[in-house]
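Listed after this line are the structures, all set down as structure tokens.
The following pair of complexes shares a single chain, chain A, combined with chain B in the former and chain C in the latter.
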Partner chain A sequence: MSAAATDHEHALVYPDEPIYSRITAGKLAMWLFLLSDGFSFSGLLLSYGILRGSSQVWGCTTEAIAKTFGCIEEPALGINFTALLTFLLICSSVTMVLSHASMVEGDRKGALKWLGLTVAGGALFLVGQCWEYWGLFGLFGPHHGLIHEGLKFGATHYATTFYCVTGFHGLHVLTGVLYLSAVWIGTAMGKTDANTLEVAGLFWHFVDLVWILVFTFIYLIPN
Partner chain B sequence: MSEKETKQKEAAAGPTAESSKTAESSKTAEASKVVHVKDESTPSTHDAHSEPGHAAEHGHAAKHGHAAEHGHHAPNRKEYWQVFAVLLVLTILEVGVAYLQSYVGKTALVTCLVGMALGKAAIVAYFFMHLKHETKEMRWTVVIPMMFPAIYAFLLIAEGTYRALWGT
Partner chain C sequence: MSDRVMTKADIEAAEHLQHAHVEPKDFLSRYVFSIDHKYIAKQFLWAGLLFLLFGGLLAMLIRWQWAFPSQPVPLVGKALFPNSGGAITPPAYSTIFTTHGLIMIFFAITPIMIGTFGNFCIPLMIGARDMAFPKLNMYSFWVFMVSQLLMIASFCVELGSAAAGWTTYPPLSTNVGTPGAGQSLVVLALFVTGISSIMGAINYITTVIRFRAPGMTWFRMPATVWGLWLTAILNALFVPVLGSAGLLLLFDRTFGTQFFVAGAAGGIGDPILFQHLFWIFGHPEVYILILPIWGFVIDFMSFFARKPAYWYKGSVYAMISVSVLSAVVYGHHMFVTGMSPLLGQAFMLLTLVISVPAEILFLNWLHTMWKGSIRLTVPMLFALGTVFVFGLGGLTGIYLATISTDLYLHDTMWVVGHFHLTMASAAFLGSFGALYFWFPKMYGRATNETLGKVHFWFSVIGVTAVFCGQLIAGYNGQQRRLFDPFQYTYIKHLRELNKYTSYFAFALGAGQLAFVVNFFHSLFAGKKAEKNPWDVGTLEWTDCESPPVYHNFDRVPIVLRGPHEYNNPEVLAKLGKDWVGQSEQLPGEDIGIDAIAAE
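Now for the complex of A and B:
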């Protein structure tokens, strides 16, 4: 095949499919993956809801509860700090969508800047989550982490579901940070286009979307 | 590959092969335009299709414009910032509502919190994940499957409420 023909194939317009329009194969594949991932999170959140709904006490978080039900006291989950993490993820979603916007407008430098901020936001979220779990060995204040304070995986449904749901989400954030870092490098090298960023952005927005639900169900809904 | 074999393959492949054939026949005329595709400083596919001649051949650009041709609608930065502001306000409201547990009934509180969370999730999907710009069919492809876990959750909550109220 001649070089011209190869180039032409590289530039083919995605077919104007009558139902899904010009959605690219990569974008459709990402959507299907996100649906399957959405079912995974749904399973985790549903089991969380079933366990929580059927338990006598959810979280032995005060001395009074511990005395009444004869359970070992566990730490309560902090809302304020997690609200900050939520804010961070929302900010990173905005920077992601602005990165894609810059790429559509042909501003590769702008795309790199916003994408870099998105990666930084994701990395900060991970640091925050580590701080919440382990307290980062006392590096950032007196907080020693939920594990140190007695929220032990396997001890109660309250603790186990907390670590399963937030841990699974944290793995997604880690994956997103690595994925977006790779896209950043590809963009810096001129090997990506707006579609690459849009597909990567879909994953990142999904991570944000799931966190919005996790934040509400795990942290905000009171006992 | 012989000409006969090529024709047989094209017949078997149907419209896709036909499109390739058309592309092949026009490749000579397009060669000079397509060279731009390899320009590494800007997105490759966009460059190729920003050529008026090329766009006209595909018959899309005149109707939908350059960005729409590739499924990329012209970005609306103002809208993105507005969505950010709405998400921020809803998050602050959520946290505020969570602190009202001593003053508000649990059912009202949970309904309010879940409603706001679902609203925020829908906003992210619609604006940031660009469902707004997808076809109706694509939107339903995403929404319908995700309704099943929600329906299951609703049934479980309804059953739990029924048992709690009537103790059966």
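Now for the complex of A and C:
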């Protein structure tokens, strides 16, 4: 099979009617995938909402709550740190846009630079999430990180939904970092065009957008 | 007749986009990891037919149990249930009815209807040389194979396969209700098959939007493509919801979380949450299983009544509105779960509203046949059978959509009869009709008409009798899923009814032999099929050989008209035949290209 056989990425120019649209097949498929993936996130967030809505206690985070409801104390989520991660992810979306813009202007070097920064931002976010879960190799004391502080997967809905939703999102970030790295290599080898970057960017912005929802629902809504 | 002007550049661009794939020579990429949509369709067909046989045999076991409770199963009993002297045991029975449902829906109907005909028909009928993403298509099939293997594996582990009912409701489906790896493997298999469905769906949607041949406007598409396309959209949107429900259930089963564990099981979870997630997916799913069939029937009615499809646009809009409505009616599965009456009424109303577009479709089918010159070919017979059983099923559904009657009918055999008539029988008959219709194009050989008719009559009488028998049993209060219904005094008198229903079921099963013989005989020794044995005008018959060449079309066809041009007086006068191909130029017809060249 020749390499061209599966290459259907050319922008279509036939027939000149709005019903055929000019969106490339790859871009359309990415939009459809994101729509689909959005529904899988909705499934999880819906579960989160229903479980949280019907729970008496959401997060046994203070001694007072523990005393009143007789639950085992759990750590509160660190909003400040995660806000920093959120900011980081938004910045990586900006660099993604700049990377695409450079590519449109034909500046492959600029595109590589900005894309590299995007990948770095995503990777740093993942490091931050690991830090939040496990701590950073005992750097700040052996009992650092939510897992060590007693946020136990499976113990309460507060803990389980936290790990499920942020973990599912983390997997998306990981996928994004790997995907963008592959695109970076392809771009360095001169095999990509602005469309490739746009499609990859769609995925990245989606991951970013979903994080903003996750951050709002999981971290920001007070008890 | 052409309502648009095409430029030479348009056509060149189409050729450039859809360059012909080179047919691979090596064995693996030709017969195993093929990226050819026609071959992948056949792979799905075989995988689906094998599981249809599997699910069908499970159904025979259920019917045996209801006809002759706890008596040894003839022929296979000793081998399957050695510890009970050949009789079905209660745990085995739970596994049988659970896996019958799951296998039929996810591993038989879905691959045959969507995997096979979606793959085969979409590119050929819209004039494309392949799917938008041929490799993704191949991955979709192999991911599906993994899920089938997981399903088979679930039968081989200790305590057997899934046994919590096809709906997999917790807490029965948690470790408390159904211990053992079998249930987990089945939930995993559903998750994996969902991934395959989403891959396929994205591919189908993109292909229809981007790869239609020049001139193939939305309303020149055959209804078959419309049905498959809408199905793909529902799949892409709602399968992920089942995926998330399955994931959480797997966590409950394997990692000790308690999303759904509650009540006597002693957890902190919410079993009703699963019902919500399941039916948000589950209701669109039943339309996923019927929309392609509606598409086939709209086309077949027109093809074999030799008339244009009556109010074709209305039928398409009806299918679109059903697709939209299907997303907002799922609550009618949960009337007795405990639901705010106001919410229940909203769901009831929305559900009943679906019968309006369904009626439009129904009337359009009848109107298409009205005063047509009907050709009772095997596909047409199956299409008529589909209309009949779907009508029966649709009418019985009204009583389930209405809360006041549903409270009595819920979880009775009435429900089983209803959804088997609408979803199962219609999908079953419709898929076989489609298979008889496209078999000559798929394999280049004609099927045997007589055997096809024998198969049809066994099938249509079989499903009607079996599922009407279930409706009657349910109306008399027989609950579904009972191991031995006749130990209850109030069901005792239904023993004879159940017995005769089972006899019809066995006849239905035996009648499928006609298909098996026909299929294999035609495959190897059938008469060589003509290019267009049915005299229809859609592209796969007019522009492709039987079977089509690897790249489908030597030149990408230029589409000039809709798919249902039959007995058009102008065509009769000019061509002397009662049909005209979608890409067939009438003498003296201006298709816009020459006009531009003249400039």
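Note that the second predicted complex is superposed on the first by the 200 of 223 C-alpha atoms of A that agree within 3 Å, B and C clash if a C-alpha of one lies under 4 Å from a C-alpha of the other, contacts with A are read in each partner's own complex, and residues count from 1 in each chain.
FYI, contacts are C-beta pairs under 8 Å (C-beta built on N, C-alpha and C of every residue); 3 or more make two chains touch, one makes a residue touch a chain.
All of these numbers come straight from a predicted model, not from anything done at the bench.
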item	value
Touching partner for A:Thr216 - first (chain B), second (chain C), both, neither	first
First (chain B), second (chain C), both or neither touched by A:Phe206	first
Chain B versus chain C as contact partner of A:Leu171, first or second or both or neither	neither
Partner chain in contact with A:Gly190 - chain B first, chain C second, else both or neither	first
Contacts of A:Ile90 with chain B and chain C, given as first, second, both or neither	first
First (chain B), second (chain C), both or neither touched by A:Phe39	both
Chain B versus chain C as contact partner of A:Ala64, first or second or both or neither	neither
Chain B versus chain C as contact partner of A:Leu51, first or second or both or neither	second
Residues of chain A that lie at the interface with chain B and also at the interface with chain C	2, 4-5, 8, 10, 12-16, 19-21, 23, 35, 39, 42-43, 46, 50
List of chain B residues in touch with chain A within their complex	19, 23-24, 27-28, 30-31, 34-35, 37-38, 40-46, 48-49, 54, 58, 60, 67-72, 74-75, 77, 80-81, 83-84, 87-88, 91, 94-95, 97-99, 101, 106, 109-110, 113-114, 116-118, 120-121, 124-125, 127-130, 134-135, 137-138, 141-142, 145-146, 149, 152-153, 156-157, 160
Contact set on chain A toward chain C in their complex	1-2, 4-6, 8, 10, 12-17, 19-21, 23, 25, 28-29, 32-33, 35-37, 39-40, 42-44, 46-47, 50-51, 54, 153-154, 156-157, 160, 164
In the complex, chain A residues that touch chain B	2, 4-5, 7-16, 19-24, 27, 31, 35, 38-39, 42-43, 45-46, 49-50, 53, 79-80, 83, 86-87, 90-91, 93-94, 96-98, 100-101, 103-106, 108, 190-195, 198, 201-202, 205-206, 208-209, 212-213, 215-217, 219-222
Contacting residues of chain C [partner chain A, same complex]	4, 6-7, 9-11, 13-14, 16-17, 19, 21-22, 24, 29, 35, 132-135, 198, 201-203, 205-206, 209-212, 214-215, 217-218, 236-241, 243-245, 248, 251, 255-259, 268-270, 273, 276-277, 280
